Amino acid sequence: MAEKTLGIGLVGTKFMGRAHSNAWMTAPRFFDLPREVLMRAVAGRDVADVAAFSRRWGWQCCTDDWRDLLDDPQVGLVDVCTPNHVHAEVSIAALEAGRHVACEKPLAGTIADARAMRDAARKAARRGVRTFVWFNYRRCPAVALAHQLVKEGRLGRIFHVRASYLQDWGGPSTPLLWRFQGKLAGSGAHGDLNAHIIDMARFVTGEEVTEVVGALEETFVKERDLVEASGGAISGKGAKRATRGRRKAKSTVDDAVLFLARMSGGAVASFEATRLATGNQNRNTLEVNGEKGSLRFDFERMNELSWWDHALPARLRGWSVIMCTDAAHPYAGNYWPAAHVLGYEHGFVSQAADIAMALGRRKPVVPIPDFADAFEVQRVLEAAIRCARTRRPVSVADIR
Amino acid sequence: MAEKTLGIGLVGTKFMGRAHSNAWMTAPRFFDLPREVLMRAVAGRDVADVAAFSRRWGWQCCTDDWRDLLDDPQVGLVDVCTPNHVHAEVSIAALEAGRHVACEKPLAGTIADARAMRDAARKAARRGVRTFVWFNYRRCPAVALAHQLVKEGRLGRIFHVRASYLQDWGGPSTPLLWRFQGKLAGSGAHGDLNAHIIDMARFVTGEEVTEVVGALEETFVKERDLVEASGGAISGKGAKRATRGRRKAKSTVDDAVLFLARMSGGAVASFEATRLATGNQNRNTLEVNGEKGSLRFDFERMNELSWWDHALPARLRGWSVIMCTDAAHPYAGNYWPAAHVLGYEHGFVSQAADIAMALGRRKPVVPIPDFADAFEVQRVLEAAIRCARTRRPVSVADIR
Amino acid sequence: MAEKTLGIGLVGTKFMGRAHSNAWMTAPRFFDLPREVLMRAVAGRDVADVAAFSRRWGWQCCTDDWRDLLDDPQVGLVDVCTPNHVHAEVSIAALEAGRHVACEKPLAGTIADARAMRDAARKAARRGVRTFVWFNYRRCPAVALAHQLVKEGRLGRIFHVRASYLQDWGGPSTPLLWRFQGKLAGSGAHGDLNAHIIDMARFVTGEEVTEVVGALEETFVKERDLVEASGGAISGKGAKRATRGRRKAKSTVDDAVLFLARMSGGAVASFEATRLATGNQNRNTLEVNGEKGSLRFDFERMNELSWWDHALPARLRGWSVIMCTDAAHPYAGNYWPAAHVLGYEHGFVSQAADIAMALGRRKPVVPIPDFADAFEVQRVLEAAIRCARTRRPVSVADIR
Amino acid sequence: MAEKTLGIGLVGTKFMGRAHSNAWMTAPRFFDLPREVLMRAVAGRDVADVAAFSRRWGWQCCTDDWRDLLDDPQVGLVDVCTPNHVHAEVSIAALEAGRHVACEKPLAGTIADARAMRDAARKAARRGVRTFVWFNYRRCPAVALAHQLVKEGRLGRIFHVRASYLQDWGGPSTPLLWRFQGKLAGSGAHGDLNAHIIDMARFVTGEEVTEVVGALEETFVKERDLVEASGGAISGKGAKRATRGRRKAKSTVDDAVLFLARMSGGAVASFEATRLATGNQNRNTLEVNGEKGSLRFDFERMNELSWWDHALPARLRGWSVIMCTDAAHPYAGNYWPAAHVLGYEHGFVSQAADIAMALGRRKPVVPIPDFADAFEVQRVLEAAIRCARTRRPVSVADIR
């Protein structure tokens, strides 16, 4: 028997905590959901902060100990928005406590953590407990449409995948946020950004990455200013504006990771993630070239999907820029009329809706990744790093 | 003494009712407001509809008679989202009842209504009652930035204004919605779309339209299918998918209005609004050419403002595409990190926030139009229609 | 019996003299022509200049009196590249001397001149003498493709035509070149630029402009520096860099002309030409919106035609950016492989080829305008100016 | 003493033979050259073909044996446009005969050939004999401007180079042209396309590729239809339309080669060349990200260079799309007014002009690669292939 209410317990109050709060608040307004979303409780590290956050976003209660969420019978799903190194502990405890878990990407900071999470999810699944991972870009209507077009066979055999996620907030003047600390983040641009485009490439093409043939890991900025003690340690991207001390310390993550790969269907692929591509603020791009057609996506123009239909006569072929905001496009009909464009946050809103759908025994518009699915991404991340460090090709099959 | 709470009473539950509900719900999450927004009550024509709407969006109560809102002491501001022909009645009653009013654009369907509203606002202002008009595009960060750049003198003397608002949902297969009925809508594309770009042109340039030199009004589709009785009469843009009867009736509004004008600072200007520009789903564009620089905006890529700085040496001059999502851009810092792009609805959210600011004695980021300001738009709309019908130039000074 | 050789006599050695010389030199290399092009003679005003020009471009002989060309039996076609006020005299003399004439656009600086030319062409036609006008943009492959797509019925009933030709070289610092002198140029941006887009609109839509409903003529820069005596009087656009005297004189042409019009098939249209649209260096644009589809063209990206096919399902509709460089596109196959893009000059090369085709009894790829055709453009130009000056709508039928 | 005339002897009459003929014909019209270009003689394999070609392009004489050119005292420069496997033989013979040589890229099909050519060039240089390589994209004004901007320090320390050259004419239906035969072409997309972008990356950044870290070589289409005997064997890109036999044979070149590299200044780089990127007809792109700014170039919009100036305040930063057609831009002033755009062929015209400049003791606008310079490209090509085949990183220093 499906419960009527879906009580959410959120862990984390920074960038993703905000995005998810907005998603849980908004999803029921735009979607007809089989379960009523209850914004039950939020957990954060700082008492005052979490209280203010809770008031602002309308959570019913708050705590500075995430374990309290597991004692609350009204919490049916734990939503994990912490730094990466805490994903495993929170998620596994929640699963063991019989709660569904929706975890931010990447699944974990290390392959060991990710493996433990996948195993815990497998065990929990036997008791009907579900897992979800917030690869939010899948629910960008243009990306979801790309997935559908490939699935319909419109691209034919795929030759090339070209994916990049370029940001530029990691220049020399950015201080040593948690995202630059290996112990907390696991990796730098790699886990943060390559995770997204590996998932997108898999999702859109329906193929797996089978081998990382070559890879390159680089930390351009070796040392960074320390963030001053006061609360800045876990601070997200906005923290560029944090006050900075004069002392410096070593950055222990990559600034950029590039790799070349082979896909299960025979395509070749390139992936690139960086935080130092000046002028590229959030340029998450994917290109897929097939025998019958091609696709291009650039998140900075996220409402648009470019499609090349090679079946047309040469005289009429062109890159068709589809504004994916029509009622006929995935998710778009739930929001506004055509070309009344959507933004970044709508991917989260749509995923919150789809999670509620899934937990109400309805089919999400496009598949939601679970821990097992996200573990596949983690394997590729791991293969890429091993390749970069050993300077040898690495088969993804060897990462378990 | 400023009150602590701002109770909203919403009239209308269709396209704009939704956009405003979302705005009132969301604004307090992203902005630190001087007054707490209370979603107090919503009024609609159909009891069942308004009840469902109210539940979905979290309004405290609902009614099928908008006059009830004026009896509720907790309603401090009446938000008018009805078809145009009802704007005057509701707004004037609310002002007389001492309520602030935020009215959707255009101010009214007729110049007479608009005049009465302006006069009522003038009278109410003496008692400290305020008016606002939802020209939402002013709060698109790119448009607000354009306003600031012109104000800073970066364009110098302005030579040209080129504004168009092109949509394509009004083809021959679209039935006779209220928007095609002169009695309800006042006009077609003219009041719906030209109102926006007239306001934007005034807002961005800081100049007034002084004369309409030539104008053209056209109804391409003379007759349209009747919308069947069942509730479809007032149905907004989504109604394309409404069931249609076989009987047809005359469309009594324009499908397109184009006009040429002169601005107070010496610039020449062109305006064009249409619902039959196939392929242009919501292409609201503005170009301003000045002696020192130029600007280009296209809502379909609403996060971008293109700026030409003529002060640069010829070798380095170009159209700079500014992604207006940085914390340094108007409104953008309240939402997400750079290039985590915004959508259509954020203009409403930011305007709701600015209204709460204004009513809490704080300065909005960019000016909010009041009824007097919106009446200036109405004069230009009227001048354009008179010009189109008399086939003579019309001075805006002659419209009072 | 068609002659084997086509001897060209060119009049004018400035901007257009260069463009045409290049066209006559190049056309036979890329096209298989039925007649051999002979670059026979060039006429200019200055002996030394014309001699240097002749040598540079490989003309067989040169003269400072264009009448000499008519005495040369080897000159079969006179190519007129003079300022506008000389078009009629040279063209009519050449026609009377039995020479084919290819004249630069606009046909003339005044309607009277244009009428005389049309009449002379009509008379000459009886003797098999042909006329051509260099509306070069017709042979831009993207524009020629647009013409074909409309002709094939892919747009259906046309609702809107939106044409603009925006340049920015006419700012206050530009001196009083011949193009700013009414006696020499006839008009300013109007004849220079509106002529092009009127022709393009007619060519692409296959419709005529029937009425100018409203128009606006503006001279923003009332006085300009005099160009110093030394040879600068007739100097083309490059002359911005000419030395300038300190004395100023009145500019006697428009800087900008905008007008609204109706087309013979029921469409409404807007036209705008200006030399003061800062940042728009050569932005010649055309948009056509029809019931079944739409087209967009911008010369600054001249290899691209954007096409919206409304027959596709909503989910797949988009603006298809066709790179018009495939062998399947008009003219493109004569030059380079796909996406090895063409430039401005190729329109002239292709027109020179088409003229040689036409004079060799072969069909040009798309129609070449003759004097009668160009006279239709002149009527619209005249109607627009009369409308601007009388402030009354003007029927094109009234201009004869 | 510099000779007055520069007699050209061209070898090859296909795609490049045409492009070079056009360049030699056109350069003297648009540039003031220190030496008069004489189109002296052309050599091709087929007597009838070369005669027709010679007539069409205005060469003074022709031959079916390229050695004849070396016997002609009027030939001062041999221009090599043959398939790659013939470059070395012709070039070395010409150098030994005391002729300057301008050779098409890549320098050769194999590193051995390239080495021999470099050595011959070194020897010839002692006698004042010069070499040039047709890396035509250097003379695209946007690319030349990019080179200048980096040289002026506007990008600061470079972090990333991202280069790709994507074509799509090599699908399964394309027959086995010489370009798919290893013996004639040396390689497929690699030598044809990666050569260009390696040169561009070096030219724009001023840095060398030092190591290939990972690489991937792929032949998607293993077998192709045989081109029928009749003259199609050496036929260039246009040959897609050649008649095809039913028999198939193995393709012995790559269809795509991707590699990751390190640059001498510390940047990381990615390169990708392919003939199967459906929809990308000639998409030659380069992106460079530096600490102070970034650049983007895409040949399909070759007149535009996008520049991000990070020195501007965040509020005014954007991607400035510079239309590189102003007199202030490299080469552009020699052709047409601003935004009267250039095409593919102008890179060749400008290079022909620069070669004549160099041989007339004048400085070319930007450096022309000689054989030693092009050998550096060849080393990188070789390193990439070795890396792909050995699956180990390869230091470019190890390729000599």
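We call the chains A, B, C and D, going by the order they appear; numbering starts again at 1 in every chain.
Following the convention adopted for this analysis, a residue touches a chain if its C-beta (ideal position, glycine included) is under 8 Å from a C-beta of that chain, and two chains touch if they have at least 3 such contacts.
These numbers were taken from a predicted model, which means no experiment stands behind them.
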Please give the intersection of the contact partners of chain A with those of chain C. B, D
Most remote chain w.r.t. Chain D, using mean C-alpha positions, is B
B-C or A-B - the one linked by more C-beta pairs in contact: B-C
Quick check for you: after a Cα superposition of chain C on chain D, what is the rotation angle, between 0 and 180°, in steps of 5? 180
Between chain A and chain B, what's the gap in Å when you average each chain's C-alpha atoms? 35
So what's the Cα centroid distance for chain B and chain D, whole Å? 54
Between chain B and chain C, what is the separation of their C-alpha centroids in Å? 41
Chain C, residues touching no fewer than two other chains: 317, 319, 323, 326-327
Spell out the residues on chain A that touch chain B in their complex, using ranges where they run on. 15, 19, 21-22, 25-26, 28-29, 56-57, 169, 237-238, 241, 281-283, 299-303, 323, 325-327, 335-346
What residues of chain A sit close enough to touch chain D in their complex? 159-160, 162, 164, 166, 168, 171-172, 213-216, 218, 220, 255-256, 258-260, 262, 266, 268, 270, 272, 274, 276-280, 287, 289-294, 308, 310, 317, 319, 387, 391-393
What does chain B use to touch chain D in their complex? 145, 305-307, 313-323, 326-329
